[in-house]
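Below is one structure, written out as structure tokens; the observations come after it.
Chains here go by letter, A, B, C, D and E, matching the order in which they are written, and residues are numbered from 1 within each.
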Amino acid sequence: MSRSAAVAAARLALLAGAVLALELLCRAGVIQPLTLIPPSAMAAALAGLLWSGELNADLIHTGGAVAASLALAVGLGLPLGVAVHGLPRLRRALDPLLAAYYAVPTFVFYPLLVAILGLNQAPLIVLGTAFGLPAMMMATLNGLDRVPPVLLRTARVHRLGRLDTLASIVLPSAAPFLFTGCKLALAYAVIGIIAGEFILADAGLGHAISFAYDGFENRTMYAVMLLVLGLATGLNLLLHLWETRLMRRRARA
Amino acid sequence: MRPEARPRVGPGTREAPGPRGTAGARDAPGPRESHAVLSAVTRVYPGARPVAALGPVDLDLRAGEFFAVVGPSGCGKSTLLDLLAGLSRPTAGTILFEGRPVDGAVPEGLGIVFQEDASFPWLTVRDNIAFGLRRAGTDPAETARRVDYALGFMGLADFAAAYPAQLSGGMRQRVCIARTLVTRPRLILLDEPFGALDQQTRLLMGDELLRLWRETGATVLLITHALDEAAMLSDRVGVMSSRPGRFIDLVETGWPRERDSRLVAEAGFGTVTARLWARLRDESLKAIGGPGATA
Amino acid sequence: MRPEARPRVGPGTREAPGPRGTAGARDAPGPRESHAVLSAVTRVYPGARPVAALGPVDLDLRAGEFFAVVGPSGCGKSTLLDLLAGLSRPTAGTILFEGRPVDGAVPEGLGIVFQEDASFPWLTVRDNIAFGLRRAGTDPAETARRVDYALGFMGLADFAAAYPAQLSGGMRQRVCIARTLVTRPRLILLDEPFGALDQQTRLLMGDELLRLWRETGATVLLITHALDEAAMLSDRVGVMSSRPGRFIDLVETGWPRERDSRLVAEAGFGTVTARLWARLRDESLKAIGGPGATA
Amino acid sequence: ARAETITVTHWGSAFYGAPYAVAREKGFFQKRGLDITGFLTSAGGGTSVRNTLAGGLPFGEVALPAAILAIQSGQPLKIVSGGVESVADILWITRPDSTLAGLSGLAGRKIAYTAPGSVTNMLILMCLRKAGIDQKALQLVAAGDLGANLSAVLNGAVDAGMTGEPLWSQNQGKVRAGFWARDCVDPAVTQTVGITTTEFARTGGDTLRALIDARREAVAYIREHPDETADIVARAYNGDPALYRTVFRHFVEIGYFGDGRLNLANMNRMLEGMKLVGRLKAPVEWGEVTDSSFLPKDLQGTQ
Amino acid sequence: MSGAARPPARTGGRDALVAAGLLLALWQGLHLYAGDAALASPAAALGALRQLAGTAAFWGHCAATAQAFAAALALSAAIGLALGLWLGLRRFAGEVAEPLLAGLYAIPKITLYPVILLVFGLGLGAKVAFGVIHGFVPIALFTLGAVKSLDPVLLRTARALRLSRAQTVRFVLAPAALPEIVAGLRVGFSLTLLGVLIGEMFASQAGLGFLIVNGTALHNVRLTTAVILTVVVLAVGANAALLWLDRRYVRRG
């Protein structure tokens, strides 16, 4: 068995083990169904929800918001990171702010966003974007830091312009770091949007969880959470696999 | 075929002018047209404690010659190459390439292979080699033709679709050399291009470089820290002093244009390396200021 | 003082046993007690496509001798060092160090300098050098004494408080060498310790190593890709084949114990290197399989 | 008695907790042998119920709909007392310059409420029903909590948003009343109830009785001394005493705080609202979800 | 470390002041645009903060948050570092666990409230748990990355010097990975604080998170902004301090 197959198998076994353990704990009554239902029940409930099409609107709503946030976080974080990288003094001043930013409960600024953007989906998308953007920026800065100077010199030898250098040398070279940034931006966009929906929205998966939560409908709540968990882990795993492939091709022995 | 090795060791004759030799007459190295000229060039790295890295240096690189530079570590060899390539500006002095001043931009017609591995890890070997041609907008058919030729020529044909990570260090160096050569530079600057290789392999690679040089007729400036490499490959060897580097000797080797690494077994070869070594021992002692200096 | 160089080139005599020479008689290299013995050692790196990296190798490293290993890139030299140090286990065969088997842990009394820069960037030069002694719980006064001695000895006294980032590559190599030597290993394994240095400086460093070796009486195994370095420094040179590496020649140099880099100017020196080169040229061709092979 | 914490929903931001603040300050707990020092809170009905379930002293004053839904889903809870019995402080506000006047002008507008399924959702639907306006004729948006509603109104993101005390009194002049909940429904609606776990109902009867009794005494005290109450609550909530005096006078006027009795009529009005917003899945048997045995004798029969 | 040009230290303080000034200007601009109802002006927020600071209650809230945060940060750091080191050293375990960890991290943690309540109970337990689940993953991922990309020759050196496992971790691994560990701690610090604040919004009787909930619910924009300002100042201060330590003691040469 190849190493990557072994890793995949172990990962699967770990997941299966965790699910099985949870199932047993629930079935044995150690965990009350009033707090947590067995994974099999979650799956069954989720299948029902998906089959009935009840969740379709919420899925589209949330999926759209997450996609928009992700696109904005990456689309803005990348150029911002590139710009800030070119201005070392600005960067130095910004450095403590970027990491500190994550301590701020941004959803508190929802009223401010409503004031600026109106009462629609936009404030939530901005919240999701705002959560992912600094991570993307930090990753971009990191990546640009690690572009080997000799490649930049090579660009000059080939008489490339600034944009050409950026497009054909700097960004490809920093790609692994940009990748990490995208993964983080995805995670944060999911967290930002769904947590935002949980607190503020009247549609979307986050709202579905919140509605079920307030109504003590554990089956629905855990079913939707399972869906979110599955989507988040699945997307992440996909990105991870893609990244490993990319990295394996490029990894220096 | 074992070429006749005819070492002609003597003081530098860099000011000897004369008519340009014909291609046929090249076997006997002699004065030719200037290709690049450095006049009283110095370079000081500014800072709280400015570092005088180089010079003053005068150098007249002749068209079609193979010129090697040796010198103690940190003496300014890479700095010299940077200046010549227009990657940085001299603090004083002037640099001419094909008659035009080099002013902080890399002039057209110049190719560089850096000391470090500069292959692009995200491109295949083929795309790496084609990089410069594509950027320059060369016709795709012509690009493909030249790249294919270079792949064969460099012994990389089987690895055209491989990524640099799948290559050994020496193969990566060859990719960088090929990437530079396909653009057909008229002046090739090489900064310890075989640094990643063991001594035996670097001599073999040297043979390849010689063949290339013969075939293209380009001017080559090779920086190396291996004295036998310098002695074997070049028409002239410039020996630099410790920092700030100046040329303290110019050794004309007098090898035939047709030569290869078997030169090293010649008795006369040892005479050239011994002279280089003798010139450098004291400079190295000054340069490292380490244990040798106190011994 | 220029020592008399007496090259004695001949086929390997590795099985010649005999009484241990006295220190006074060391100037004439001769058979001595075994210090480390490898018997029929092979190493295969497992995996989807197992790589036979080394062997079978037999080697009898004699106490107090200076043994050099040369061989084409990728032939298994570093693998050999790993096995001898107990950093990895042989696939077959046995390794004895001072009569006891080496079984996958580094035995006491053994010191290693790796090919790569292994200085700790977060420690000053002094703390780097003292690292091993402190971990071993050596008395602080004794530690300070030995470290001070090594700092002077390695020409690093002025840099005791500097961090590795402030040093040149060669100085960092010296830090690693010092860190290993202060622990007073009885067997010193060096894997291309001068890889980062230019040829001149490496020869100067070689002089230092020779002085050290003479003063401490340790056994030294030096891996190098510079043939002149191997020829100059060692009592014996083991020449390895291309992968999987085996010893195809053992060259007894016959230098006096008191020697230094000025040996290279000797005519006899060229005879040793020429022999090493001749043995290696074909192996290198096989190993790189590159342009040379197709030339 | 050791220091104990009970759960009170929206402590610090809404006034369901006022009687408890008074009871603590006036020693009504202490004289019954209780040492209630802390009030655990959250801003959500479901969360408050969960906090009550997990609490060391499992008693909480929580939103009635949340309690009902929890019990219906099988959570081991009982409703043991009534709490706030009025929605008369709830209203929809507009900007002062708004043309919206009264229920009739709602059609075509964008109206905010807090969250789907909430009391404000019920009330706005009842108002629409009362005004005879189809839900599709206007845009209803869930804007989040009262603060967000106010902000949305002030920023012109909506034509009207809901509010209550103390925001209403606090923002006099900045906003104008559009229509009141009491214009649409009988405002005697049970908003909050006291709940406990079935387990604690078995073992902690004395404590529950003491708690409910202390609260009752506090409610009586509030009725007598609204101004002093305002000061006490202002201290507890870190609020503005002057503003709170206006608020509590208003509360006394509308009979905001119930004395703890379970008023089935008021509770049924809430059920009706729940049905209207689709939150009620099954009919409620009050006898099963409530346990009046911890109420003072004189309040037990008043349902 | 990176070869990116670092401006001389002397300009650092001035740049930070300029950056702070610009942020204040941006804040004031947003305030002017969105109005009092959405965002308090800097002056108003500072006034509110001064007023708050004069009350004993505020310091009580600060103390409550600080207590939970200290515990959560200690746990986040300990768990994150231990997990990161372990997964980094055990390559296989690391490969198996890394994407799962990152995937799990992407689920919105507030939806886990019932489970947290079940496992950790009310009050301090839940607050600390919230802080830890927010904070430990980034610390673990940064540490894991650092250990994974550690120069293998350093570990070989540890073996060559016959160090025990504990000695290797203490004297080689930890110092070698310190720059990334500090970076992880910077982000971890912020996210742990965010987690504690969110925990306080769900179940608390005191704390800055409690003040924020009440501030938003009462539409006390001045209070909310002042509390957020406190959080930001705290996080930026801690970040700047970590950065300073990092520059001073870690990134030499």
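Following the convention adopted for this analysis, a residue touches a chain if its C-beta (ideal position, glycine included) is under 8 Å from a C-beta of that chain, and two chains touch if they have at least 3 such contacts.
Given the structure is predicted, the values throughout are model-derived calculations rather than measurements.
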item: Any chain that touches chain E and chain B; value: A, C
item: Distance-maximising chain from chain E - centres being C-alpha averages; value: B
item: Distance-maximising chain from chain C - centres being C-alpha averages; value: D
item: Two chains sharing the most contacts, counting C-beta pairs only; value: A-E
item: Whole-Å gap separating chain A and chain C, where each centre is the average of the chain's CA atoms; value: 51
item: Separation of mean Cα positions, chain D and chain C [Å, integer]; value: 84
item: Centre-to-centre distance between chain D and chain A (centres being mean Cα positions), rounded to whole Å; value: 38
item: Residues within chain D bordering two or more other chains; value: 147-148, 151, 154-155
item: Multi-partner residues of chain E (each touching 2 or more other chains); value: 34-35, 37-38, 113-114, 117-118, 201, 215-216, 219, 221
item: Touch-based graph of the chains, sorted into line, ring, star, complete or other; value: other
item: Chains touching one another, given as label pairs in label order; value: A-B, A-D, A-E, B-C, C-E, D-E
item: Chain A-touching residues of chain E, taken from the complex the two chains share; value: 2-7, 11-12, 15-16, 18-19, 23, 30, 33-35, 37-39, 92, 95-100, 102-111, 113-115, 117-118, 183, 186-187, 189-191, 193-194, 197-198, 201, 209, 212, 215-216, 219, 221, 224, 228, 231-232, 234-236, 238-240, 243
item: Touching residues (chain side chain C, partner chain B) in the complex; value: 72-74, 153-156, 168, 170-171, 174, 197-201, 204-205, 207-208, 211, 225-227, 264-265, 267, 270, 274, 277-278, 280-281, 283-285, 287-295
item: Parts of chain D lying in touch with chain A, wherever the complex brings them together; value: 44-46, 49, 66, 69-70, 72-76, 110, 112, 115-117, 141-144, 147-148, 151-152, 154-155, 157-158, 279
item: Sites on chain B touched by chain A in the complex; value: 85, 87, 105-106, 108, 110-112, 114, 116-118, 120-123, 131-132, 135-136, 163-165
item: List of chain E residues in touch with chain D within their complex; value: 34-38, 55, 57, 113-114, 117-118, 121-123, 201-205, 210, 213-221
